[in-house]
Every structure is written in structure tokens, then in C-alpha cells.
Amino acid sequence: MLEELKKEVYEANMLLPKYGLVTFTWGNVSGIDREKGLFVIKPSGVDYDKLTPDDMVVMDLEGNRVEGTLNPSSDTKTHLILYNRFPKIGGVVHTHSPWATSWAQAGRDIPCYGTTHADYIYGSVPCARNLNEEELKNYEWNTGVLIADLFEERKLDPMAVPCVLCKNHGPFTWGKDAHEAVHNAVVLEEVAKMAARCEMINPDVKEAPQCLQDKHYLRKHGPGAYYGQGNL
Amino acid sequence: MLEELKKEVYEANMLLPKYGLVTFTWGNVSGIDREKGLFVIKPSGVDYDKLTPDDMVVMDLEGNRVEGTLNPSSDTKTHLILYNRFPKIGGVVHTHSPWATSWAQAGRDIPCYGTTHADYIYGSVPCARNLNEEELKNYEWNTGVLIADLFEERKLDPMAVPCVLCKNHGPFTWGKDAHEAVHNAVVLEEVAKMAARCEMINPDVKEAPQCLQDKHYLRKHGPGAYYGQGNL
Amino acid sequence: MLEELKKEVYEANMLLPKYGLVTFTWGNVSGIDREKGLFVIKPSGVDYDKLTPDDMVVMDLEGNRVEGTLNPSSDTKTHLILYNRFPKIGGVVHTHSPWATSWAQAGRDIPCYGTTHADYIYGSVPCARNLNEEELKNYEWNTGVLIADLFEERKLDPMAVPCVLCKNHGPFTWGKDAHEAVHNAVVLEEVAKMAARCEMINPDVKEAPQCLQDKHYLRKHGPGAYYGQGNL
Amino acid sequence: MLEELKKEVYEANMLLPKYGLVTFTWGNVSGIDREKGLFVIKPSGVDYDKLTPDDMVVMDLEGNRVEGTLNPSSDTKTHLILYNRFPKIGGVVHTHSPWATSWAQAGRDIPCYGTTHADYIYGSVPCARNLNEEELKNYEWNTGVLIADLFEERKLDPMAVPCVLCKNHGPFTWGKDAHEAVHNAVVLEEVAKMAARCEMINPDVKEAPQCLQDKHYLRKHGPGAYYGQGNL
């Protein structure tokens, strides 16, 4: 069942240790088959060097395990809500990558200080507030709801802002598929690192001008994009 | 004698360089057989790339060498006191891992800024004061006494707070066995790194709300835990 | 066509991931044949582990692609302007290396704090201002013009100051050929890292005395140089 | 001639890239045969991956090249002065290792904040002032003189303080032989890193108490030392 997608999600999971984004099992990747309405996710707490494609767990969008013997990632409900609320995304990643997590712990949006950020993320990386005691009772579910509500409130397009920080916790990223979601997790970690250092070098630094942000984002995205090799 | 435990403690020691926690010989791991009342510890000052399981030294809880020709770690008496005073622990680690040591040198507790910390450590990582001139005469022994007294004073459960910083020195961590003690040493280093960066990003940062700390710690520990695969 | 130069530029490109200067495809190297008036550059958005010498694109100094089927780097026009305005340079590098980019985002020149800097770069590393909205319409072209104009205004010799920061963007470096340009990109990243840490350690730090800067630069460059093995 | 020593010095040089202390050729190690009054040093500007034991250059203590076809390290005169003025040392290292160099650029002594430092270095790591314009005329020679004079002025024992920072330049370390000098270069880099981070975590941090510094230094050095395996 969904063998292709399981392989793809497995490979995307294995990129997390490759790119230095996870310690132990502190991360998970999922990918969705929109036609079937099923998504595939890493099992909970399984070491990356023991993981196989067959360990992947298949879930439906109501949160039922459809295939697999292992428990799905403890963050599965957050993935589920993101798939439900962001209909264009095809993959989701959660990590505790150190720089992005440091910003999340600091409880701050990451301002756009340069083109590395602007090439992939349109505007600041938003930081979602903490859940309150009531919301914590259904923690992972409400984490997803909080993220999606924040994007609605701020009128953010999840395809233009493919990431979020959850206060005192860490980042979630997404993309058109599991691989792009991992790609964005790497970008976010680099952007978080350089933004922190940039503020250290110049505490009065201002965000990049809007016209530069527009230019760089549109150089890579949309009908006028001219970066790369087109459909190569 | 205790061949299984010697192998286990040897392997746990070898994880220290693997995880980047030690420079030269600045670290040691021990593990205890509670039934026999004997513990196994790394010899002092032996290079990790020359270490073998047979080099491990067997000690009793009065501090006598029971087996082995090499001198035990110079920190052996600290391990001994921790085994005596914390009856549930099965392994102890000491390193000079750079971020945890920087906090120890700074003489500060590490506040709980996020869920990476809360998943493993309940509340702040305590920092024990310096020994005075009198206490320094039996340095390693009194280091252990100071740690255990601090846990009593602050009413901390060593199984819920599996680590401590010794001021101007470095961290000790522990766990149910030698491997878990090393695992906690890795966690502590990540947590120390992210807490320092988090304060750099937001000097006015506050600790994570207590309800979030409770939620995350209990997600992984205790009867209601739902992270991972149970007994897998 | 230009097989030797294509190989050289390919190899110089492959040094960027080796030295940890690029994430994904965030960098490009070119090299020029001054006699033929042609330069060779990395194709746009191609992964380093898939790159071959044959993928290199040959351009003339009017910006026409003379050989190659792939699109040249999106930064090609900046390279072109630098070759036109700095007639002694033979290679150009652009990266988003993290420390240099953090300074670029901070919008500050990098002061010369020591001999590591002075050995290669005479005086501060200049930071060029942002382009305005009008200039952004021909972004990469005007980036080159802005850099060259800045060197004229400040009366800087591009052979003595082989690098620049572009505000909110990142560094460009150059040299007598593609390899030396990469060498200078590595130097700049080290210098940027140590300057940031140096200011962290001593916020009141002053630049190295002019006489020391002169001494070190001339120890390696010009007729009285005595570092190294001469023509070895 | 001195084949054993050349091999030893070669191997010690090769440890610099292994421990991440050098970029390109920014470092050199020498070792001395006190009976013959000759020392062996790395040639200037030769890449580490091309270096062989036969490339090592043999010098006498008047600064004459006794054997070898390559130019000795440009810092040779500094090594020479240190051998002349510090009669117990057997090896000298110079690097631009990033954290130690950041302190040197910052122009500050490194205070002793903990036992990692106290285990190897008794008291602060001293930072020598800049040379003036006159002294710069015989730069490398006067660098050595300045270091040795500083140790005399401050009444420091070079065997107890096996390192120095040269303002706006970088560190020199030494030891009983070339390998110990490299060992101390690694220690210094770790100590410099942790001291900088420690001040970031607690800007009001104080030095470790003198009694702790004494205890740790004497645990490893002198007649009462009990760390390690004795003569193993």
C-alpha cells in the first residue's frame, strides 16, 4: 500500500540526520497522497539507523492508522491538522534543529534580514504563541489548530511561508512534498542561524527592504521566475 | 568478572567521542551492578582509541579496587557517592562537554526554555556551588556529597532531574544504566547550547510555562506516557 | 572549447561544498580566459553532487551564452560586470557562507582586527549598500555596477581587497583565477567569524594598528614578500 | 640527520588539521634536540596534504638553516627566541585557531573560569601587547622577545603557563616536546571557546577560586599528581 510514498517519506526522514537537523529521534517527516486522502509518517521514537521503509505508518485524515504495526509519531495529529487546513501542502517536517528551536524558545518571529531568507520565505517566519492549560489537554491537535489559525489571522499563504515556530517548542516546515518540506527545514535552520548572528553583529539591524524581498522571492517563485533550469 | 557490564560500560564510554562530548580523555562513564554492589568505571587518563573492555576497573562501594590493574578515573569517588546516595541510578557520566561546561563555569542553573529540555529534565538543571578550601582536601568525594546534598535541599528527584552542573567545573549526568546516562549527557549538551542561544536572541526570555513542562515530561515518563513504542 | 578552463572552474566549484561554504546550490564560481574574452560559469540551480565539467556554461563579456545547454548561474551578470570593471581578476565566487552573510545582513564593513585578515585583505572588507527599487529592475547587473563603483569611490584596489559584502545578501570574492577566488572565500568566512567573536569578547575592540596591517600584507604580497616558497 | 625528530615534528604538524586548528597553511610546529642545539620546523606555506617528513627544515639556534631545501616557516625566529629564552621547552606551536585568535584580536587575557583551564594552565592565559613600528622591522624575532619579556615581567613559569596570545595576531603554545605543544594548542582552543561562551551566559562571571585552580593544576602536575596512570 502506497509503497512509492512510503519509500519517499522514508528517504525524506533519512535526510534529517544527514543535514544535522536531528539528535536521536527528535524529528519526523510525513507525506500525503491527496487523491487517496492518506498520509505516511515516521513511527514514534524509532532510531534513524534502524528505520526501514516498511516501518512507515499509514494514516487517514481522521487520525486512524490504516497500515503499520508501530505507533505513529507522537506529533501525528499536528501533521494531520496541517494537511486538513493547508490543502496545497504535500509534506510536513518537525525537528528540534538547534537554531530554529532557539528562536522558538525565545518566542520571536525571525525577521527577514537577507536574500537567503527571501529566496524561500516571504516575510518573517511567524512564531505561534504557547497553548494554554485547556488547549494542552489535546496538545498535538491544538498545536496544528494554533498554527493554522495564526496563518489565517495574519493572512499568510502557507505556500509562500512554508514554516512556523511553536513557542518553547520548535519548528514545523512543509512543502509540495516530503522532500521539499525537508529542504525548507534546512533553509529555516540556516536562516535562523544567520539572523541570530546578524543581530549579534549589529543590534540595530533592520529588515531587508520590501522591494529586495519581493525581487528575490519572485526570482525563484511564480510565473516570472528565472532561477534554475525550469523543468530540469 | 562482570564481563557483560564491563562491555556495556566500555561501549558507553566509546559513545562520548562519537557524540562529540569529549576532547582527549576529559570524560568517564561508569555502570553499577546493584545486586553485587560493584561498579565498573573507565581507567584514568587512557585514550579512547586505545581503550578496551578489559581496561575497565571494577570497584566496590567502599572505594576499593576489586579488579583491574589500571587506576580508576580520578573522579571515581564522585561516582561512588552518587551511587550511594541515589539508589535508583545505574550509570554515571562526567564530561567537559563545551556548552554544559560553559554554563557550569558561568555558575548558573539552566532554565527550562522549551520542550527539548522538558522531555528529559523536570525543571531547571541545578548548578552546585564551589567547594570551599576545607572540602577541596577530599575533592572528588565532596563533589559527590555536594551534589547529593543539593538534590536533598531542593527536594529534587534524581530520576526526574538526571543531571547537575558543578560550578567552575562541568556536568555530571546519570540514568538507569550507563547508556541512558550517556543519552542524558547528549541531551544536556543540546539543551545547554539552545538555552545560551535563546538568551542571546531574547535577553528577556522567560521559562516555559509550568503546564507545558508538565505535559512534555509526562508525555515521555510515567504511567500516562505515550511517546515511542512502549517496550519495543 | 576551453576544456582546461571548464575543468578548472568545475574543480573550483566543487571546493565550495568541501570547505563548507555552500548549502544546496547557494554558490557559484566562474573563471575567465582574458585572451579570448570568454568566461566559464556554473549552471544555475544544479546540485553539486550532480555537477560535471561539461555542465559548465561559456559566456562572452556581452552576456551571450557561447557554449552549453544549461542556463548559467542567475548571478552571471554580476560576474560579467566584475570582469569588465576589474581587468586583473581571473575568477569570481559568490556564496551565502554563514558568517560573511551574517555581516552582509548586518550591513557592516568587517574591520581588520588581526593578521589573519591583514595577510589577505588590505583594510576593511567593504559592505556595499542595497540597490534601490529602480536598480533592482536589473538586479544582478546593478549589483556588479554597485560593487565596482564602491571600489572606485573608496579608491580600493580589487587585487588588495579581493572581496565585498552586498548588504542583505552575501559576499563576492575574486582572485587571479577561480582557485584563488575560492581561497579568498574561505579566508573571508574565517575572518568574518573571528571578527564577530572578537567583538563579542571585547565590545570596545579597536582595529589592528596600521603598521601591523602593512607589515602582514606585505609579508605575503609585493616585491618584499617572504612567506612561502616563492614559485614553488 | 635527526630523522627521529623530523618524523615526530612531521606527525605533530599533521595533528593540527586533524584537530581542526588550521585552515590552509596557517600553523606550524617545531621540536628541538637540546643536546645538539638544533630544532626542526615545518617549511613555510606548504599544504598539509603534501607535507612529508623529509620536507622538515633543520635550524640551529642562531637561525641558520642546517638541513633542508625549503624555506622554514615564516615564524621561525619566534620559535628560535622561545627555545633560547625558555630552556625547558621542547616543542612550539603557532596556529590561527579561531577561538584563541578571537581572544588575541580582542586583546584580552583569558581568565581561568574552570577546571578544564586549571588542569593545564596555571592562572590566566596572558595576552602580549602589539609590537610598535620600530619593533615590527624585525617582526618575528621581536614577537619572541615580547613573549619572553612578558613572562619575566609577570613572573610566569612557561612550564605552568604553556601558552600566550599575541595581540591582533594569534596564539603560541609549547610543551616538553612537539606533541605536548600540540596538545596544549587543543586545550587552549577549548578553553578560549568555553571562556567566551561563559561570559556570554553570565557577563558578571568571576574567575574560579584560587584554591580550586591550585587543586586542579596540582592534581595533574607535580609530585602529588594523581591523574592518569603514572608512567604508562
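Read from first to last, the chains carry the letters A, B, C and D; within each, the first residue is number 1.
Quick note on the criterion: contacts are C-beta pairs under 8 Å (C-beta built on N, C-alpha and C of every residue); 3 or more make two chains touch, one makes a residue touch a chain.
Molecules present, by chain and UniProt name: A, B, C, D = L-ribulose-5-phosphate 4-epimerase.
Everything numeric here is computed off the predicted structure, so don't read it as measured data.
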item: Other chains in touch with both chain A and chain C; value: none
item: Interchain centroid distance [CA atoms averaged], chain A/chain D, Å; value: 46
item: Distance between chain centroids, defined by C-alpha means - chain C, chain D (Å); value: 33
item: Set of chain C residues in contact with two or more other chains; value: 199-200
item: Each pair of chains that touches, named by its two labels; value: A-B, A-C, B-D, C-D
item: Complex contact set, residues of chain D against chain B; value: 113-116, 183, 186-187, 190, 193-195, 197-202, 205, 208-209, 211-212, 215, 219, 226-230, 232
item: Chain A to chain B touching residues, read off their complex; value: 23-24, 26, 43-46, 70-71, 74, 96, 98-99, 101-108, 130-133, 136, 139, 168-170, 196, 199-200
